[in-house]
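Both of the next two complexes hold subunit A, though its partner changes from subunit B to subunit C.
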Partner chain A sequence: MAGTVEAKKQIEEATKEYKYGFSSDIDMEMAPKGLNEDVIRYISAKKNEPEWMLEWRLKAYHQWLKMEEPDWAKLNFPKIDYNDIYYYAAPKSQDKPKSLDEVDPELLRIYAKLGIPLEEQKVLAGVEGARKVAVDAVFDSVSVATTFREELKKAGVIFMSISEAIVEYPEMVRKYLASVVPVRDNYFAALNCAVFSDGTFVYIPKGVRCPMELSTYFRINAENTGQFERTLIVADEGSYVSYLEGCTAPMRDENQLHAAVVELIALDDAEIKYSTVQNWYPGDKDGVGGIYNFVTKRGNCKGKNSKISWTQVETGSAITWKYPSCILTGENSVGEFYSVAVTNNYQQADTGTKMIHLGAGSRSTIISKGISAGRSQNTYRGLVKILPSAEGVRNYTQCDSLLVSDTSGAHTVPYIEVKNPSAQIEHEATTSKISEDQLFYCRSRGLDEEEAVAMIVNGFCKEVMQHLPMEFAVEAQKLLGISLEGSVG
Partner chain B sequence: MIKIDNLHVNVSDKEIIKGLNLEINAGEVHAIMGPNGAGKSTLASTIAGRENYEVTSGSITFDGKDLLELEAHERVGEGIFLGFQYPVEIPGVSNLNFMRTALNGVRRYRGEDDMSAAEFMKLIRVKAADLKMDMDMLKRFVNVGFSGGEKKRNEMVQMAVLDPKFAVLDETDSGLDIDALRTVSDGINAQRRDDTAILLITHYQRLLDYVKPDFVHVLANGKIVKSGGPELALELEEKGYADVA
Partner chain C sequence: MTATVLETYQSQLESVIGAIPCTDALRRSAMDKALTAGLPTPKDEDWRYSDLKPFRTGAFALSKAAQTSDMPIQYFADKPAARLVFINGQFSEERSDLGTLSDSVRLKTLTNHCQVDTARADDLLEGVDALDYLNTALMRDGIVISVPAGVHVTAPVELINLVTNSAKAATHTRHLIELGENASLTLIEQYVGDATDYWSNPVMQVRMGEGARFDHIRMQSEGSHAVHTGKLYVDLDARATYRGTSIMTGAALSRLEITARILGTGAHADINGAALAAPGQSHDTITRVDHRIPGATSEQIYRTIADKRAKSSFQGKITVAVDAQETAADQSFKALLLDRTGEANAKPELEIFADDVKCSHGATVGELDTSALFYLTSRGIDPDTAQQMLVEAFTGDALIAVEDDDLRNALMDNVSRWMQERSKGGTQ
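Moving on, here comes the complex of A and B:
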């Protein structure tokens, strides 16, 4: 009996390292290293983009050159050499596959390893009552396959890679691209505008409730490639969509740059639910390697009674710089931000949200749970801004931090700006340490140390986890456990 | 079943247990009584394997195995259960989830398959009904907002689910009204079998009216100073600890 326990332990020990740490040998097509006009032209040409798109990119590039990397976040990392990065890498394949049968089997094998339900049957064979999930997988820079497209088409939903959308729906893309996050919004957003290679475009027509969850899995594979996805989701009047984003990256010694931009637009009475489970490679136990994740995510609740809800579970990346935000333009619009951020070893996270209230009667809720272990630093940074036009708005903010180790840090930096006296703002914050009594109680019921920590942490995050779609919540719960392995003692 | 031999335990560098001997066989119920600060709870925590409770010398053997070599959760797998004097709250974790995780942890330790959710629900319904605990309480977060009596009943449900060979119950009777005391006592008596053993730690005789012990020991200043049958408890109730301790 003791033998099996020992064996189980050894297996656990061996798999404790980053679970998704494998890279795949696939023929890659790459742009030359570094960033200049030629590289941008190369990317644009590879995508068969129209002239206006190339000009837009070049303009963004020149804008970026004039900007400086922001340094206000509580993050420490060596200077990034932007000319030492490949800005474009694509799996070499001739034409776009017509069906899954034509996709490189090696690629499918990787997806299987990642547990992506690429084959429709796999999804359909899911647990009873499981909803359908349509997947758009971004492998390094290019979207490889989209599933369920036909069924979505029937509902009038557009779900495709953004490069295709630029060609097929140029008016729509032109109308909304950079309408929420302007090109010059910040350093990383401008960089993304110049070099983004792929991403996802979603349009939900008036009054349509998207028949399934839409999902994109991002994965960084090639060495020294930054991944710069661009996501644009437009929910027309009275429509609803739930979008899931999952991220993994193979293990590498060098740091990899990731700078994505996500824009959401909700028109009158529309609702967008955007859920992220991010487990990019966080670096090893000594803080070597890992993804630098500089992401700009923002939604505009443009129409009256519109609603945008961000839910994120952030466990990966060496550096996280991310503030999914809502601009509450519409009357009675609703913005929500539910976040769990876990940092272990030498990870650093500076994450939070901005709720900008313009519309009368708009409401926002912020629930943030930060868990710090190892020697990590975990910062919540949030802004609640009430503009003079926003009559009778409400905000509720709750920030809780849980320290798992004595050597980690938890920081809460809330900014509140109120320019309309009718606003009701509530802010609650707590910091606590995982208690020895709780640990012992769990252990005296048969849970080992890591299971005990995972259980207590999952309980701590409950309010956020319950906002994740079912199939994601289970994965996220496991992920919390994996991320905190080796964090106690 | 369990043999404690010349046990010495330090907590924060202070010696609390100072050469304790105790042997409990299958089918027996022992009660340990004693004044505050005698080391009763320290003994319970040491048997359960709490960290930072440093055994400086002596041994604890359980079913022939060296218990001190095992981690806390492994001891549970071997069949030891500790009922807490102050059950701990775990916000956000439902009682059901907690108990099922605990049970499956133990089953896995024993090389058994996990119990399915349906099977578990069947089991828990029976156990909870025995202890007059309704489903609503099972769905609530572990001990959060529970009254003193509810917390103790919850401990008994957990014990019933895990079905230990050896249960150490640390002041399970404290803070209970008479009805709750009866329910909890029923729970303890249900666990009393030829193949199990129970160690009751208590201040008061009244629990022993409902759960009749085979042996009673007086713990004072880290040692067992007197042992006897159930009549010893009555004697203590009458005269206090002053004479024995």
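Moving on, here comes the complex of A and C:
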């Protein structure tokens, strides 16, 4: 039992004090509270959007009105009053800064606190030989500073805020927007379509290997503000991109709604690697406050031999409702999902993936690790669907849950639906606590209990962590357990 | 739509009032609940893989009581303790053979039992969904077997549920099995019927006392146009052992829902089964194993096969309650698709609220191993036989827990026959 107590302590350590819990006082420009056509018109006008975009938003809004909030996930939260939320809040800087010097120093201070190397540190501290990281920092919905633009431009890569892209590349945005996640896909996606304030657009041209990892840091800042991000990444034939998304949010007492939509499109032979470290404010130890995170992430492996890989480390948010998925349309396309989800205190996570196989010879791998502590509930929910057209498909799924308290819950809800006999589908799931034998063995080797637990927990997550880009692995390990750091080689 | 269907069922209620003494109030309450609950829809999680058309397009009449039928019955035990035959939900004295069973156990039909024991109504489960409620409201009869403490019924009891001449008519049977402390019983339960489009909606309740043991074979071999929606509720007290094996081959649409509640330390539940879906059939199995008490174990092995245009689905849920420490629960599901147009669905679910547990599930879906087939045929075995051998081996996993050799072999023969009929039917 001592081991359990220790493990519990470690996990609690890791998540107890929200390290990034602070808020800043930057004046906000806001649309009035609530959601109606006027607010949508306001957002659209603020963004100088073309008429078709406004119409598209309004259509989505009317669609949303007809839909119902989904209730199938294993999540309990008070009813959200969608009219008690600000749908648009932007930092005050009206003119786009020419350089970092022109950026509001308050912003820079926050980024510095967060450890984002927006200024001189183009290479992340402490990571030897790290590649360059391009940061498109999103501060409460509006992209305020973009670095590395020039270098990316040389490679022909388009990396800009989606509102800019709507103006500059309307044809491309129009072609791909909502092509993977249709407006009516689900309640939160429809809401996002109606009110999304900003986000990122990435286009990698044919045959280009993006010269650096692209990265967007999100922050939720204003009180009662929903964060409705929209990300669209298109990888043209034979291209490659690795995209990093990291989230931290200031300490707040009130629940904040986050309903992002991420769409990925990989054409022939293209590869997209999408990594997330999610550390929104999880609420305090009594379950007060915290972010409600309802995210729709989906990629379409449209071309043959294309590949989309999702890696996520989820430690934050009071409520997580998130299923990064792959539609494997292309022949021999590959979908991957690697996930670590840690919940503590009163956090609730219902997360997983969907792999929809349409293309012949398509393959998918799902590795999910859930760690539940405190009084949290952690659910893996996944779907592997093989349609009749998908000949010779392979899927391997592994979902493991580790329980480190006797008051938490770990749940696994996989769906397997097969309509083609040539498919080979394997699914395995286990749930257990840290075994006394393993602990005993480690301790007999001279490790103290803390180190032993650290080692075991690290080993438990290793299969996922190794898929994170190096720059991210550092932060992810920090999030997994501050007290685990010392024992990790 | 379903409202009018349910109203038709409500109008059937009066005809069964009084059929089983002391259940009238329960029937009325259940019918009210059925009306409130409404018929299941594809949006109900447990029904996502079942086609509800037969239920929604119209109500089934109540099947007519029949004392006898000349339909042949396949028996599995050479020397059974008793053969109990129900025809259209009513006990058939003519075809039953009570043997000497009633010497050692309390054996009564539900109608008789309620006459002598008014408390019986309290033992009857009202239900958890519309189909249960309809069963409670409209049941005609059933068997009550109470094995007293310490009594071992060594020979198997055969329980046959036969439906005949029941086109678009429903039979709701309710069976009750009770095992006292350290008692044991082997039951071979069969569901058979003619080729009419009847609906069989049986519910069996099993209550097991401390240290009791129940070996249970359940064979669903309904007629080819039938709808079968079977429910099985098993409660296990401390150290009780339930060994259940179900085989599903019949009916156009078949569902079996098994709910095992583990209520005592040291209890063990084996819930195994095989479902063989011939062309056009739809089979759905739902298991719920509910570990409520520390230190109990459960194991599930399911194998399903789907032929042309057939659908085979499995939803298995293991729940471990907050205090149910030291639970070990395993589940293995494998589906085999024999044809391009077959479909297999699986949803193995774990819901765990205790930390000191070992729970796992594994699920696979695939077709017959072509290299194994090739190997067998290269040894001179013809392709049909080779396929049959592989299918038998595949299904055998689920039947292995049947301890009685003769019985297990008889069940295996059923699988072989199914394969033989398949190749005869030219479905190759």
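Everything that follows uses one rule, which is that the second predicted complex is superposed on the first by the 436 of 489 C-alpha atoms of A that agree within 3 Å, B and C clash if a C-alpha of one lies under 4 Å from a C-alpha of the other, contacts with A are read in each partner's own complex, and residues count from 1 in each chain.
Please note the rule applied: a residue touches a chain if its C-beta (ideal position, glycine included) is under 8 Å from a C-beta of that chain, and two chains touch if they have at least 3 such contacts.
All figures in this text were calculated on a predicted structure; none of them were measured in a lab.
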Classify the contacts of A:177 with the two partner chains as first (subunit B alone), second (subunit C alone), both, or neither. neither
Quick check on the superposed pair: does A:241 touch subunit B, subunit C, both, or neither? Answer first, second, both or neither. neither
For A:72 in the superposed arrangement: first (subunit B), second (subunit C), both or neither? second
Of subunit B and subunit C, which one touches more of subunit A's residues? C
Should A:441 be classified as contacting the first partner (subunit B), the second (subunit C), both, or neither? first
Would you sort A:432 into first (subunit B), second (subunit C), both or neither based on which partner it touches? second
Can you list the residues of subunit A that touch subunit B in one structure and subunit C in the other? 4
Write out the stretch or stretches of subunit B touching subunit A in their complex. 45, 48-52, 71-74, 76-77, 81-82, 84, 87-93, 98-99, 101-103, 105-106, 108-111, 141, 158, 162
What part of subunit A is in contact with subunit C in the complex they form? 4, 72, 386, 388, 401, 403-433
Subunit A to subunit B touching residues, read off their complex: 1, 4-5, 8, 435-438, 440-449, 451-452, 455-456, 458-463
Over in the complex, which subunit C residues touch subunit A? Could you list them? 45, 322, 325, 335, 337-367
